[in-house]
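Both complexes below contain chain A, partnered by chain B and then by chain C.
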Partner chain A sequence: MTAATQTKPPGDASASANRSKRNLTIAKAMAEAIGQEMRRDSSVLVMGEDIGRLGGVFGNTRGLIEEFGPERIRDTPISETAFIGAAVGMAAVGMKPIVELMFVDFYGVCMDAIYNLAAKNCYFSGGQVPLPMVIMTSCGGGYSDAGQHSQCLYGTFAHLPGLKVVVPSNAYDAKGLMLAAIRDPNPVIYMFHKALQGMGWLGTVKGAITDVPEDDYVLPIGRAALVRPGRDVTLVGFGNTLHHALDAAADLAGEGIEAEVIDLRSIVPLDRETILASVKRTGRLVVVDDDYQSFGVSAEIIATASEGAFAALKAAPRRVAFPDIPIPFSPALERPLMPDANKVAAAARQVCKGN
Partner chain B sequence: MKPTRDQWLWMYETMVTSRLFEEAIAAAYFEGKTPAFNMANGPIPGEMHLSNGQEPCAVGVCAHLTADDFVTATHRPHHIAIAKGVDLDAMAAEIFGKSTGLSGGRGGHMHIFDARVNFGCSGIIAEGMGPVTGAALAFKLRKQPRVAVSFIGEGAANQGAFHEALNLAALWKVPAVFVIEDNGWGISVAKAQSTAIANNDLRAAAYGIPGHRVADNDPLAIFEVAGEAVARARSGGGPSLIEIETSRLEGHFIGDAQNYRPEGELPALKARDPIPALRDRLLREKVMDQATETALRDRAGAKVAAAIDAARAAAYPQPQEAFEKVFA
Partner chain C sequence: MVSVTIPADMWAEDMEGVISAWLFEDGDKVREGDLIAEVMVEKTSYDLTAPAAGILRILVAPDVPFRRGAEVARIE
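Moving on, here comes the complex of A and B:
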């Protein structure tokens, strides 16, 4: 077993046996982690649009302004270039800002502060100016908000050296990854998926709501989790697509195909070891990604398998991803294009053919 | 508020140091680039933006700052770095791409960082303004008597970052000063062709903060205006905007033919070179005598020569060092 299997799968209560379970949404788990760290470390603060009185459009700062006040839970004007740039300056002088820009689709307006400043100042200063900061954003479609409010863009951020990128698939991981992200001395892009978040106005995938210990715990950034062992095919997912992979694995088991499921949890750094170890065991690989198909995470994982486990591959790897088109509005257009468990299962059957 | 004698001498010596540094950099820059100019060749490859003529902006503002104050500069950063107290030897080595450079050769001339004196810069127009707003907010929240200063060019005043940061800094009343070095040119585009109003200090009114304009690249006027703005910031009065009419005595970068300049402009600017002008004034007003001037100039020259010599002699980084410091 690899190191990845040492961490708990979603929903597995690990803390002391005598505590009662607390099922939380990702939104609540994120807010709890932020609040705990703000109590512990006075250099942590949150800035962003509607993160104060509203508690975040996606609920992940709810309840914090009541405890910490408007200085540390700071609503900003709609000036992303200024406030994400400001986070860079705050981090440069020793604070640990968490900033939110609510939709990943909005980053075009402030990308310079991220990819030229946050991602490069540590390097260009020869390590003199590390930037401990977290940038939170929502991603994902499937609810007819069209392509300026539905993208994932994991690959866009993962492509830029100097940024770490995490994507939790469940509330337990969301809390541990948030605590890890705030304590990391580097910029971390924390991407949470709307379908998992637990919002009253949008359905929530059941598996995302998990037991979350009240204790302080950290999930190491850069480590994937093997969440379901299996001998026949490796399914790699993360965030929302992890749930498609798990559902597909359950279906496939009924047909006698045992799928091994990996939750990446972090995209940067990518846990290539866990992916390669699994592919070497199964010889088959399907990657699920709800970002655009080309030049993204799915391509990187398949390249990793080709470079590092070519001899073990029994079939060409496949991917299930969103096609390379802007995300359309009409449910008749959008929904059929989304990755889902059926597509993942079909791809797995394809690679398992001719056993 | 007038400079003390020590401040005057510091300002003069720092301006001279900066100019001699730029002259030494220019000389080294042309090595290996003749007869055919290829930016990739020579001991200093890449773009090079010299600050000759803009020294008064750097010294007039930085005279009011300490190492604890935070400064961002532009793609044309040397004069400000020197005035802020950045390690000259390590900066020279960085510009030569050597392992002893401020960042071990990873950044070069447009990415000068010296955390010891809270100095940083970036090659992207106006993008220092957000970080300065944030650093200033951090100082305010921690109740520290520190200020943050962002130097930008006049072309940056048409960037979204300029307006967003001014609004945010004013809204949060942070201890920041935004200094526009108006050298009249955004590479080849004259200010009047790019900017809807004559003077950018007027734009301060849109954010309810003081705006100041300094004419004639005058070190005394810059010192006075900056002193007021820094004191205001330090005492909790919030941010200010200053525009200084300065002059760029070289091209945008070395190699720029400057065909866009009106005939006679460059000789006229050079005739008003701020360094001999300040020398004459300090001699005339008996702030220093000729012997002092010579001594300051010699000391500046020796410092620059030592920095350039050490940079030339230093080793290049090992190729594998490129993979270090991506993350902390």
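Moving on, here comes the complex of A and C:
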């Protein structure tokens, strides 16, 4: 069972009928979604560094400038402050800008536009000035790009009210979440993991390449997917860590431990119902997050379980995350610190021990 | 049977490339024009499309280096 087969919208028979299989990388699925929406809606445009002629350093805008031209696919100078600030203004007057923050690590110079303007103006205006913009940004390490190009920072954005945050784990979800993000009247932070993007030089997780319908479809933001059912322990992952959780579940199955795997897909809003329903069934929880361990998504999910399913817990929940230190450049240091399937399986064995 | 080869003009210099990802499995049915693989040279990636419809037979695994003109698959 793959994430893709599980996440198809129920009752959407037309999407699978009359078409043959077509596998895409997340990069291609993102570009396809953007192109489809640009054809449908003339207020959509894309801005960012190297997103035009190069097609994005992570491939997610390839082919767009050839079709839509440099007015709507705008290569910008290296000033996130300028072009993300500009995007907030464009969104305020009714355009639908998609901007790329090439690495999430660069958020420092443009954060005022994001968290003080984009995230709050809809609220300040009593809903009269919605901000329909998408900020797509790459995250994640594992390829020795060091401490300023390898971070995840999911929790940093999730902490701030007024922003939605999505993290696809596969190409099917990437397309549906992108279409949902562009159509959403709120600012959406669309965080794509470099290891899943399908760019060879970053390594490519095979499970991220999935069958993607050519038609347009929306994956509702705020709904997690139960991608593998199991009765003994709940493993929660998202983006790249979802694949660690699935690999761990496959290993655990050989030992008689049936792990249930949840793909969050959206961090904000967080689908607490799906998490709680699963934890109430299994009584055990392991959260996998490749962001820094403390004060982040893993803590929020464990708090959710403690608040909403305390009586069902048979063991203390555990988390597998990146330790609270800057990400090392040396592969010998970086790789062992990252979450992986072995660490997830070990944590799951621990919470299942003695029961 | 149709040979799937890396076009001689896919990239300019005489460098080695690799398949970074096959987008179909060996034995899958493909249509003419389907994007079947991504080819990576240094940090640039190129699309490889199916030259014909049929059953894909993969000859070259991901990350195995080749030069332009190499046969990487066949379509039966």
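Following the convention adopted for this analysis, the second predicted complex is superposed on the first by the 340 of 355 C-alpha atoms of A that agree within 3 Å, B and C clash if a C-alpha of one lies under 4 Å from a C-alpha of the other, contacts with A are read in each partner's own complex, and residues count from 1 in each chain.
Please note the rule applied: a residue touches a chain if its C-beta (ideal position, glycine included) is under 8 Å from a C-beta of that chain, and two chains touch if they have at least 3 such contacts.
Source: prediction; values computed, not measured.
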Query: Once the shared chain is lined up, is A:330 touching chain B (first), chain C (second), both, or neither of them?
result: neither
- prompt: What is the contact status of A:94 with respect to chain B (first) and chain C (second): first, second, both, or neither?
  reply: first
Message: Once chain A of both complexes is superposed, is A:116 in touch with chain B (first), chain C (second), both, or neither?
response: first
Task: Would you sort A:124 into first (chain B), second (chain C), both or neither based on which partner it touches?
output: first
Statement: Comparing chain B and chain C in the superposed model, the one touching more of chain A is B
Task: List the residues of chain A that touch chain B in one complex and chain C in the other.
output: none
Field: Complex contacts: residues of chain A adjacent to chain B
entry: 45, 71-72, 76-77, 79-95, 97, 109, 112-113, 116-117, 120-132, 161-162, 164, 185-186
Query: In the complex of these two chains, what residues of chain C are touching chain A?
result: 18, 20-21, 23-24, 28-29, 31, 34-35, 38, 40, 42-43, 45, 62-63
Field: Touching residues on chain A, where the partner in the complex is chain C
entry: 20-25, 28, 59, 198-201, 204, 206, 209
- line: So, in the complex, the side of chain B touching chain A is made of residues 70, 72, 101-104, 106-107, 111, 113-115, 118, 120, 122-124, 127, 129-139, 141, 148, 160-161, 164-165, 167-168, 171, 324-328
